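One structure is given below, encoded as structure tokens.
Naming follows writing order (A, B, C and D), and every chain is counted from residue 1.
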Amino acid sequence: MSVVVTIMLAAGLFFFAVGTLGVLRFPDFYTRLHAAGKCDTFAAILTLAALALFNLQEFTVENLLVSLKIMSIAAFVFIASPTATHALTEAALIVGVEPWEKKGKS
Amino acid sequence: MAKVSTFLILYAFWIFLSGMFDAVHLFLGAVAALLVTFMSSTLLFNEESPALRTGAVFGMLGYLPWLFKEIVIANLQVAYIVLHPRMLDLIDPQLIRFRTRLKHPFSRATFAQSITLTPGTVSVSIRDDEFTVFALTNSAAEALPGEMEKRVAAALERE
Amino acid sequence: MRRFREQVQNTEGGTDLIIRTSVRLMVPFIQLFGLYVIVHGHYSPGGGFQGGVLLGSAFILLALAYGVEYSKKYMSEFANFLTVNIGVFIFVGFGILCALVGGFFLDYGAMANVFPMPLPEWRYWGVFVVEVGVGMGVMGIMVSLYWDLASAGSRKEGL
Amino acid sequence: MDQVFLYSGIVLCVLILFSLVRVVWGPTVLDRIVGGSVIGAKTPVLLLLMGLLYDNVGMFVDIALAYALLNFIAALGATKYFLRRRAARLDAGKPAEKEFL
């Protein structure tokens, strides 16, 4: 059990790191949102699932309810994060943030 | 019908939030769930939402695993692009638009959220039945609307 | 890319389906969570103030997604007025009632003089009543602050 | 197992510090909002790790839930605020400001 939890936690942290690196490295606002929106959602779900699984090691009703709460955080993030990404993209496009374009293209 | 199902869902949510099964807390939970049902019963289930149809629920259950697989692929792709030393050669950001065949507002919103979570694309806006999507690479731009729209339609728009 | 941007800009103010759908699905659960935080103030972090903030933020979320005018269908100005005043009345009234029956302000144990119940029970119910009052007051003030600040006092449009 | 959680928490703190770079130096206001929401996505996990280290998950899970919720409202509200401010400036006949973008 603890091996599975460690692997999931490590994978989640890796995708968190990828998201942060992407936010730092990408050239413009829209591409940064790609990294932020996707990686953070998936990494949050992975790490929260790992913690919920670890919490279930001693199976009692109380622990089960706490694990369900943790999974409800994951479900909330799963709905909320793409919505925030969408709102930010649309706002940036309306306000007029300049997108980065590949050289040699009109 | 909508009110009863809202109340039942909220009461189940209360029980697993609370975790106390004595009479006082169960009664307070019933009062709270009734209050919320009274305040916002038209929010959870209304005419925009097909969630009351059982077919849509089972369709959603079939759709989510596929979506999760796509999310894993999307993350691996983003990881590849971010960790690539010459990242700027790989990306080619562009805006694309297409018309959708989906009719229901709820399934359109589901489709847009799925677009945001899957490889290389972020949905920008829905105007009438026209989607605007920001794609990170050329291949992601060409793949839309594609298979995902069919799957959403099969999951949620079956009559 | 510039042409696409102009098209999106020109259709500004259209209905934003994605935000509406996800907010619609979230708001009842947020309200129930706020009520849970108010009721379980003794055992877990939180209490009246935090629960009131969560309840108020549910209405603020509704007003952000649908506009202030629409959110008044769920929380009218008069209902908000009543909520704030009843909340403050419960809080101050219960405190003064405790003082009147022979204790200090908000001294719940003193209520045992008029209504015989064990002291711990009175502590429990006294805290509960006061927290409900605080929660109602905080929620109403949060919502009306948002209405006033977001619509520059006109209470029509909002952010 | 506590060691794993402790080191995960430290890694998350370091990642939050890196995200702060985007908040402080981000060229546009919207970049700063993205930096904030990236930090906000990590914080519930950090809170839960703290709860597991203190053996008190039942308490921290409520805080984490409320935090995730308020973070979403903050991102949405900030976005709407900047949209509205631009619209108000255009209505008043002034050019949309470029210094923030």
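Throughout what follows, a residue touches a chain if its C-beta (ideal position, glycine included) is under 8 Å from a C-beta of that chain, and two chains touch if they have at least 3 such contacts.
Predicted model, so just to flag it, every value in this text is computed and none were measured.
Touch-path distance (fewest steps) from chain A to chain C is 1.
Comparing the chain pairs C-D and A-B, the larger number of C-beta pairs in contact belongs to A-B. The most distant chain from chain B is C, comparing centres defined as mean Cα coordinates. Chain B and chain D have Cα centroids separated by 22 Å. The distance from the centre of chain C to the centre of chain D, with each centre set as the mean of the Cα atoms, comes to 23 Å.
Mean C-alpha position of chain A lies 15 Å from that of chain B. Spacing of chain B relative to chain C, judged by their CA centroids, is 28 angstrom. Along chain B, residues 17, 19, 112-113, 123-125 each make contact with two or more other chains. Counting only residues that touch two or more partner chains, chain D has 58, 62, 65, 69, 76, 80. Touching of two or more other chains is recorded for residues 21, 33, 41, 43, 62, 66, 69, 76, 79-80, 82-83, 86-87, 90, 93-94, 96, 99, 101 of chain A.
Across the whole structure, chains are in contact as follows: A-B, A-C, A-D, B-C, C-D. On chain C, the positions that touch chain A within their shared complex are 1, 5, 8-9, 12, 16, 18-19, 22-23, 25-26.
By the touch rule above, chain A contacts chain B in their complex via residues 14-15, 18, 21-22, 25-28, 30-31, 33-35, 37-39, 41-43, 61-62, 65-66, 68-69, 79, 82-83, 85-86, 89-90, 93, 99-102, 105.
The residues of chain C lying in touch with chain D in their complex are 12, 19, 30, 33, 37, 44-46, 50, 54, 57, 60-61, 64-65, 159. Chain D makes touch with chain A in their complex at residues 1, 4, 8, 11-12, 15, 18-19, 21-22, 28, 30-31, 33-35, 37-38, 41-42, 44-45, 48-49, 52, 57-58, 61-62, 64-65, 68-69, 72, 75-76, 79-80, 82-83, 86, 96, 101. Remark: chain A residues 76, 79-80, 82-83, 86-87, 90, 93-94, 96, 99, 101 touch chain C in the complex.
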